[in-house]
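Order as written gives the chain letters A, B, C and D; numbering starts at 1 within each chain.
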């Protein structure tokens, strides 16, 4: 669970959709320690607060990680201007990550991503081999679709939905999710995305009684648990807790999350 | 007396001494309007206040100006990182500039610069042709000597002094100044440099009764006269005035300056 | 300009809500090489006193992270010179012309405002909070009694729309605002500068010759926004917001917090065109959000 | 480390003058992957109350130019858990351990401090100025009477070195400082956060669920420096300076203004190594200026 804070060289930068950037960063120590679902906390020059960005892929042999983020404001805009060869100042890896399980050979897991919640699901999908993963990815429209080929590359059977039907299925990720759950082969659900999507996934998982983990987002300061800024409400054993998204999460058991 | 505010392309950048940078900027409108002794007010990304930098040379044919500045803090450091091809955000030209006079053919003018006060004297020297200019340049030591060849290029007979004698004459600029004044051929003195040097020059000019103009420095905000931040004390006709270095100056008549 | 950006503050119509803040735009002559004064909704002129003043010794300027300090200290040519030397040109060149008046004594304020009352100045802003002059107003602005006394004195001698500028260097700005409102102020402007300091560690001297100075710039924006929100919710008169506004988004935040118009100052030093960029940004925002008037967003922030 | 960077505050020796500020360093466990706690001169622990508290709802964090807002609101495990669950490890890992105590009532403060008095905590910092909790201290810290009452109450029940943390959100911080000194505080720390706000113009809602929050970071440094200078010149007890300190130069400015030690907070979020960089910078400064003790520069700024 160790983390590092350093400047790591950028190996590759590309804009994979308008305003959405993919970076590959050479950081062997981080890659070795990282788990799917963890995040990195990046310093943007001129800004007080770092930007938490989930890890998209981990390549331990090459000693690299990949992150994918959307430009949402001046800070992420600044980050997106960093070119290959420059360095990225990161605290990483942070948070707990998804629980990867041994599952029976006839079972599968479902990874669900919505919008910019899609990237961390790629690394999660990659943890399972032998076509054990069904991926359901939701986007606003065709222009926002990212990483579909990457999910196929890691062996995930991938369904894409868009809100407006301009690509893949029209509608919410819950439709393909339910379709898949009805087949009765699902051992586990993993999800990351906007709150309404998470709520729908959590409810669906409850109905089908399938273990589910979700990754939460919250405005964050330190990223390491010190400032207690990124609070979330968690209910365990009938008791309410205020926990830290950065250190106690960002991944929580679906049944414990109070959204 | 018009000024402009725009981003102008950098044609050339070089470090002419350790931490001292020379930039040539393509800005025809500014070059056309500019006079020796005026300054430009440059925005440094991430900083609230612009940095006032005196104009070193003006090339109206090429539509360029040259500036030379020393890195003194984070803001000038940021400026010095701007590479050729990038743009410089300037308000320019600002201030009044030196008074260039018609002088008899047997007379000369003396330009005196100290340290980072040397650059504006180059443009001033260049206003006089036919070997009419004697330049006296003072620096801390050999490593800080700048622009000596440039003064010779524009036809100035150039004497260099260093505080420690590591280059040129050892000692203050007032020694060569007095030497030259003793020859009785001086029509005008121009000076820019640290306050102790200016005081010495002003006193010397008074003793020899030679017209003298000096360029002042002060911490500045707007640069155009609006904020009245860069005050200096001026005595005219027995009355005291608080004037603005940026708009009423930076050049003042030596006899009116209260340092 | 397809949209009407005008707002009305204390009965005075501003063609757009962007006003140059007092002390940052002189008397409106210094930026005319870049654009005409009438691009701005209004100008609050350099703080003016009954008699001319030379201000504080230099250095008067220091930089801070995302901000700056100034200790100019009310250098100004005096009210008579303002009226005869500057006001005619201002009226010709600009839109709403606001005189900013400071004083040491109640009588100073009274006399200066009396002289303005018969001019065609559009509005009077009372500076009761200049941090840089011992008796230049700060002592009035930090207590309810002091702020009320100046307002009352001035109210008695003018029918001009009266804007009182509040200092943020107080425990409870709402109380001061209410005291000023009760004495007949037509509107409030806030915040004046915070009080700050910087030290030159090489010389072990304060950078400012006045030791301390008024702190402004983007850095102070969150304090300004909070105070405007508090005050706008507590008074019935109009509020003009200022303090670190740099972008159209900042201006919109400030208006949503309750400001009917905004003043810009330090941002102009960084980018002289910033007021025009804010005006353009506001117009774009109106188009995108299908607004007929910017007043539709004033005070619309919904607290949790 | 050839230089001795130690300073003594209220009789307590700090191996170096850099203290992690309350609320930014938890209970000292969160940064140990990067460097051991004992690199810091001390740590002021997360604000602790008599009973555990859940704090305010999220979002609790917003960014501002060169700064940030927080509205954590004293989420903490309570004094008993602090004493049994955290203090032993803190004492083992760290140098000077400072408990930061907040409360709603005088009795809350009294009971919490009583329980601390018999522990081996090195120092107690009284938070009488948390801006985020209605009765979490701010109401005490903004008046001389309130600040004096808390100090007096706590002083009566402990012999531990007592540091009182002052809020900047007051008209006259010097009066508050003197009132606290008169009731037996051993030293003062300042400034706590200013009170700020940000609005999400898309949703027209405050970014913080608490609407307003504590404003910190480099932006506030000039206000902090000014107040430390004013207070240090007005009291006889030691002063610990904080508010936006990011670099060794900032720390030196703060010490020259009168601070015997400094606290760092927001800078740690931007760069977790910043406290170590400040310590290294201070040592380098001592070498370059041939100082035997950093106390040689404390309060040395010479006003104009």
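The definition used in the following text is that a contact is a pair of C-beta atoms (placed from the backbone, for glycine too) under 8 Å apart; a residue touches a chain by one contact, two chains touch by 3 or more.
What you see is a predicted model; the values in this text were computed from it and never measured.
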| item | value |
| --- | --- |
| Shared chain contacts [chain A and chain D, defined touch] | none |
| Maximum centroid distance from chain D, chain identifier (CA atoms) | B |
| Between chain C and chain D, centroid-to-centroid distance (C-alpha), Å | 34 |
| Distance between the centres, which are taken as Cα means, of chain D and chain B, whole angstrom | 47 |
| Length of the line joining the C-alpha centres of chain B and chain C, rounded to whole Å | 36 |
| Per-residue multi-chain contacts in chain B, two or more chains | none |
| Per-residue overlap in chain C, given as positions that touch at least 2 other chains | 57, 64, 66-67, 217-218 |
| Complex interface listing, chain D residues touching chain A | 23-26, 29-31, 33-34, 46, 54-64, 66-68, 70, 72, 75, 207, 217-218, 266, 268-273 |
| Sites on chain B touched by chain C in the complex | 2-5, 43, 47-50, 75, 91, 218-232, 240, 242, 247 |
| Contacting residues of chain D [partner chain C, same complex] | 57, 64-67, 69, 142-143, 169-171, 194-199, 201, 204-206, 208-212, 215, 217-223, 225-226, 229, 244, 246, 249, 252-253, 256-257, 297, 300-304 |
